[in-house]
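Before anything else, here is the set of structures, which you'll find just below.
Across the two complexes that follow, chain A remains constant while its partner is chain B and subsequently chain C.
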Partner chain A sequence: MKRLQLQRWSSSALSSRARTGGRLQRHLYSSNRFQSTNPTPLQSEADQSFAEEPSIPSTTTPSPKFTKYQLPSPPIQAARESAKLAALHARLYLPSRLPLETLARCLVDPSADSNSQFNNVPLAVLGHDLLTHYTSEHLICTYPRLPLTVIFAAMFAYAGPKTLMAMAREWGLEHAAAPGGEVDPGFLQFKRVAPGTDTNAEPLIGTTRPNEDQKTWRKSITSSVVYDNEFGDPDMAGVPSSESSESAIQTQYTEGVTVEQASASFVRALMGAIYLHAGRPAAKRFFEQHILSRHLEIANLFSFNQPARDLSRLCARENYEPPVAKIISETGRKSRHPVFVVGIFSGQDKLGESVGASLAEARTRAAVAALKGWYLYSPLNVRVPSSMEEKGAAPWKPVYVDLGEVIV
Partner chain B sequence: MAAFITVSKRPILGLPFLLPSCDSVSLELRRSQSSYRRTKQRLRVKPDASFGLSSDKTQDHIIYNPPSSSPSVYHTPTKFLPSDDIRRSLRTDTTADHLNTEGLPSVLKSPLGKKYHLGPSDITEIRKLRLGDPITWSRSKLAKRFDCSPTFVAMVCEAGPQKKEIQKQVLEAVQSRWGAKRRMAREDRKLRKETWGRDE
Partner chain C sequence: MPLRGIRTVTTARNGVGAFILPCKRLDFHYCDWAGSSRGMLAFLKHALPKFATENPQIEIRVSPRPHKHPIITGHYINGREKSICVRNLEPEQIFVKANLLKEASGEKLKRTKKPVTSINESVRGIWSPYHGGLKSV
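And now, the complex of A and B:
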């Protein structure tokens, strides 16, 4: 199977302006250079002519239609001149096939430039889908028994906006005070939310969930799979674009976005850009190096209300002997600081063991340990479905699929 | 003990328990006199059996003496492994923690056993009694009469609205007498119980 050449059909996401390497554009550049008497490189022509225009009315250089100050985001020619952009490219060890112009486009938030030919929205949509797809398949294949709430929490912890913002900060990304054509393209361009704006003021309208206005209705966690987004939060983007009015989107962008939203959309757009320019293996490598390498203690995401009851239901479901709590050892029973070590046994097998300052505490904690032992089962030699896309992959073996979490 | 007496440089009359006439009871009550040599002597504990070479093995071996701690939750119990998992066969008899489960005492005082002895007629009887005279037939009394747990009574039927109202008023009256300390202690206890489920 030959690898797909993604660059050929990726023109829907990349505007013509971004593809500076095109033969036609190069041709135009060179012809311009021959006509011009100005020895400076063409990329700096725009600002040079802007600076010189009031004093010397030159006939050779055609006067630009827009000055830098009128543009909502930096022009594409500025990307090659920005030291910050080149430094960011080198620091992230991005593939050389990803040009600086696309990296500059990843840094333009829709709140700065509403034209989707110049902002990072198309790339961010693709990157978000890739990130959540890779994360979810990793989680579900590595821990096939995880409850749905824990999967949602782990998804948010791996690929949620807060994590992406932290990543962008660790990469040394700087924010522009205000977007504009004259700003260095190495800065993250976005319009900030006005100070004092209450972000949670208006109720959520336009989610994909039916009867969303009913506040008192119970929202089951299973319905989140259908109606909510990847993190179990209300999904706003699921509405078809024909229904949502363009003006509503425009007002949303003109109001400004938070640093968190802008940084997250930059990281997503970068993921999409790597996928389009350098292909799937590079995108997968980027994901593994930057997302999966972050340590997440999944055992800490659990919270049980009645662990002893859940465990007894689990043992009944799996046809094990009913669990019995037994004292393994204890010290200082009548003292101020007793310590009890309690184990939970099903027949001869120990399911969990824990320590507590009272018998009830030790028993509850032991039941929690037993339930975590069940839920955190991980098969050996885990493979994810997307590993089949590699060249010469071994034949696929079905992954372990569990019955599901305990329902009481 | 002889060395202990000779080391002491203090006048022997000031330390009456060092006199040969003192009995064992007074010897236990003496102040501890720490010196370098005595501290070293006390720290000279016997090493764990796994540290040394065993008699039958003359070659090098791995010392496995883990510190006492709760087992990791990522270590799935053998019973929870799926039937086709290879770890199930690897762990058959090599695991060291073979506890005698029969000899261990239970946490609960009465052995937990479900009898399933109540039929539909008993349950209608419980409901009738509880709705008819909720003051007399409380949950515990019903549990005692039908030989079941109060939880089972609560599962089977709910108290009437008047009884709920009375119970709420009683609770409010009791709670109104609590001071700040007791209220805070109760809240803390509740918060502490929630941390058990989160394993903090």
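And now, the complex of A and C:
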């Protein structure tokens, strides 16, 4: 209904002059724009400046036969008139160098507008890389001994789509019922999934993992470092866009996305937009204020299967004496509620201690406490590698790097 | 697999990093005819522009509500809303009510009994009868 090929008329109504104010963005737009409208794809800088001249009068007189009801997403001019958008900009304390037009573009999901010059895909790609980069370096430097599965879970907790959706909701972001050119640009624009759609029905194809169709094959943690994404999930970004057919992309966008996907892509795009417009320090500050300030108890992310075995393997690897469980104190052994306090000792050193209702339970809990004490080691005053990007940073001292988790 | 990671979501702590004002929208409704809106009309004419400039993070909507008393409605980021009827109030009193809605968290009013509410675990820990000065019977 509202689908319209923007390329046909974009030179008249939305030339590069009418786009957002940022110099970098304008440059990006103009290069793409003239490649698409000109018969000769490759031009020098001087030719582009010549080509820009005739398009100036056309920006002032947009073609009247296209109304905003036919646009897939709100036009650029609507961003300055939206109270909702300005309020969102002020509520998030976004830098003033980030224009409202870019914020409006961050709110356009590819399911609403498939043209990548108007939706948030390019910004979201950049923002996702920044978010995961900052999160991973923070986690690895702060907790150098964390096992990889726990790092994956912590990455998901800090920068995963569920958290990003919760953040967007806590920012007071509202969703448009349906995307369109007449909608207030302060709403999140995306096409919703039809009710009753089973989102887990389609099989995963197109991942970077070889032999992905073999469901019964074991997937090791080491292989997920190579093939999976930063959350330990199958990585769908492996297929280059040139290989996948245009029709497949179109069907993916026209099917709609969930609120979680759309909100997450908005937060990622906002991070990328802050990086582009306000620079790296502002993006880092935004990350620290909004992502890193959230509360996460990393000790609760562990789920051990056989902690006593892990602990004995760990002691063997670290050349400690083999761990021995000893009863420290007990009460009511013959009663209905016995309580045992068991400590795990390696020679003279107590590695962990815990309470349980049976001897086996107390021993397992003590082993878990000992393992958590090892894995959750955190050095003081740790610096992350990206702190070296600031001007006048102190010389880099190598951070502590651990051998890694115990392999059993 | 010997050790698995459990997937959770981080908890927001508004104000620890950035502070997001919970009030996201204020709706001002008035009536052009009725006398109970006289103070509201004066407020909208003279005080509201200044109020709006001082609080750019709040979206402000003004709309008529004919043959009804004037009200102010606040919409909050937790999805709730609060309304206050400002009939026959002076502009200064309406300003106080608008400030009240601006500073509200949007939650239901409830009595706080504990001096501290925190999601951090206790520094001192839970008392255990099996540690410390054990008495032999």
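Assume the second predicted complex is superposed on the first by the 344 of 408 C-alpha atoms of A that agree within 3 Å, B and C clash if a C-alpha of one lies under 4 Å from a C-alpha of the other, contacts with A are read in each partner's own complex, and residues count from 1 in each chain.
Methods note: contacts are C-beta pairs under 8 Å (C-beta built on N, C-alpha and C of every residue); 3 or more make two chains touch, one makes a residue touch a chain.
A quick note: this is a predicted structure, and the numbers were derived from the prediction, not measured.
Engineer: Where does A:Tyr320 make contact in the superposed view: on chain B (first), on chain C (second), on both, or on neither?
Structural biologist: first
Engineer: Which partner does A:Phe156 reach: the first (chain B), the second (chain C), both, or neither?
Structural biologist: second
Engineer: Touching A:Asn305, do we find chain B (first), chain C (second), both, or neither?
Structural biologist: both
Engineer: Does chain A have more residues touched by chain B or by chain C?
Structural biologist: Here the partner covering more residues of chain A is C.
Engineer: Have a look at where A:Trp396 lands relative to chain B and chain C in the superposition and call it first, second, both or neither.
Structural biologist: It touches nothing on chain B or chain C.
Engineer: Contact-wise, after the overlay, does A:Ser354 reach chain B, chain C, both or neither (first, second, both, neither)?
Structural biologist: A:Ser354: touches chain B, not chain C.
Engineer: Return first, second, both or neither, reflecting whether A:Trp217 touches chain B, chain C, both chains, or no partner chain.
Structural biologist: neither
Engineer: Using the touch definition from the top, say if A:Thr364 reaches chain B (first), chain C (second), both or neither.
Structural biologist: first
Engineer: For A:Glu405, select first, second, both or neither according to whether it touches chain B, chain C, the two together, or no partner.
Structural biologist: In the superposed model, A:Glu405 contacts chain C only, not chain B.
Engineer: Please report the chain A residues shared by its interface with chain B and its interface with chain C.
Structural biologist: Residues common to the chain A contacts of chain C and of chain B are 300, 302-306, 328, 355, listed in rising order.
Engineer: What part of chain A is in contact with chain B in the complex they form?
Structural biologist: Contacts found on chain A: 299-300, 302-307, 320, 322, 324-328, 342-343, 345-346, 348-356, 359, 361-365, 368-370, 372-374, 376-380, 400.
Engineer: List the residues on chain B that touch chain A in their complex, please.
Structural biologist: The touching residues are 70-71, 73-82, 85-87, 97, 99, 101, 104-108, 112, 196-199.
Engineer: So in the complex, the part of chain C that touches chain A is made up of which residues?
Structural biologist: 1-14, 16-18, 20-21, 24-25, 56-61, 76-77, 119-121, 128, 130-131, 134
Engineer: If we count contacts the way the header does, which residues on chain A are in touch with chain C in the complex?
Structural biologist: The touching residues are 83-84, 86-87, 90-93, 147, 149-154, 156-158, 160, 162-163, 166-167, 169-172, 186, 221, 232, 288-297, 300-306, 309-310, 328-329, 331, 339, 341, 355, 405-406, 408.
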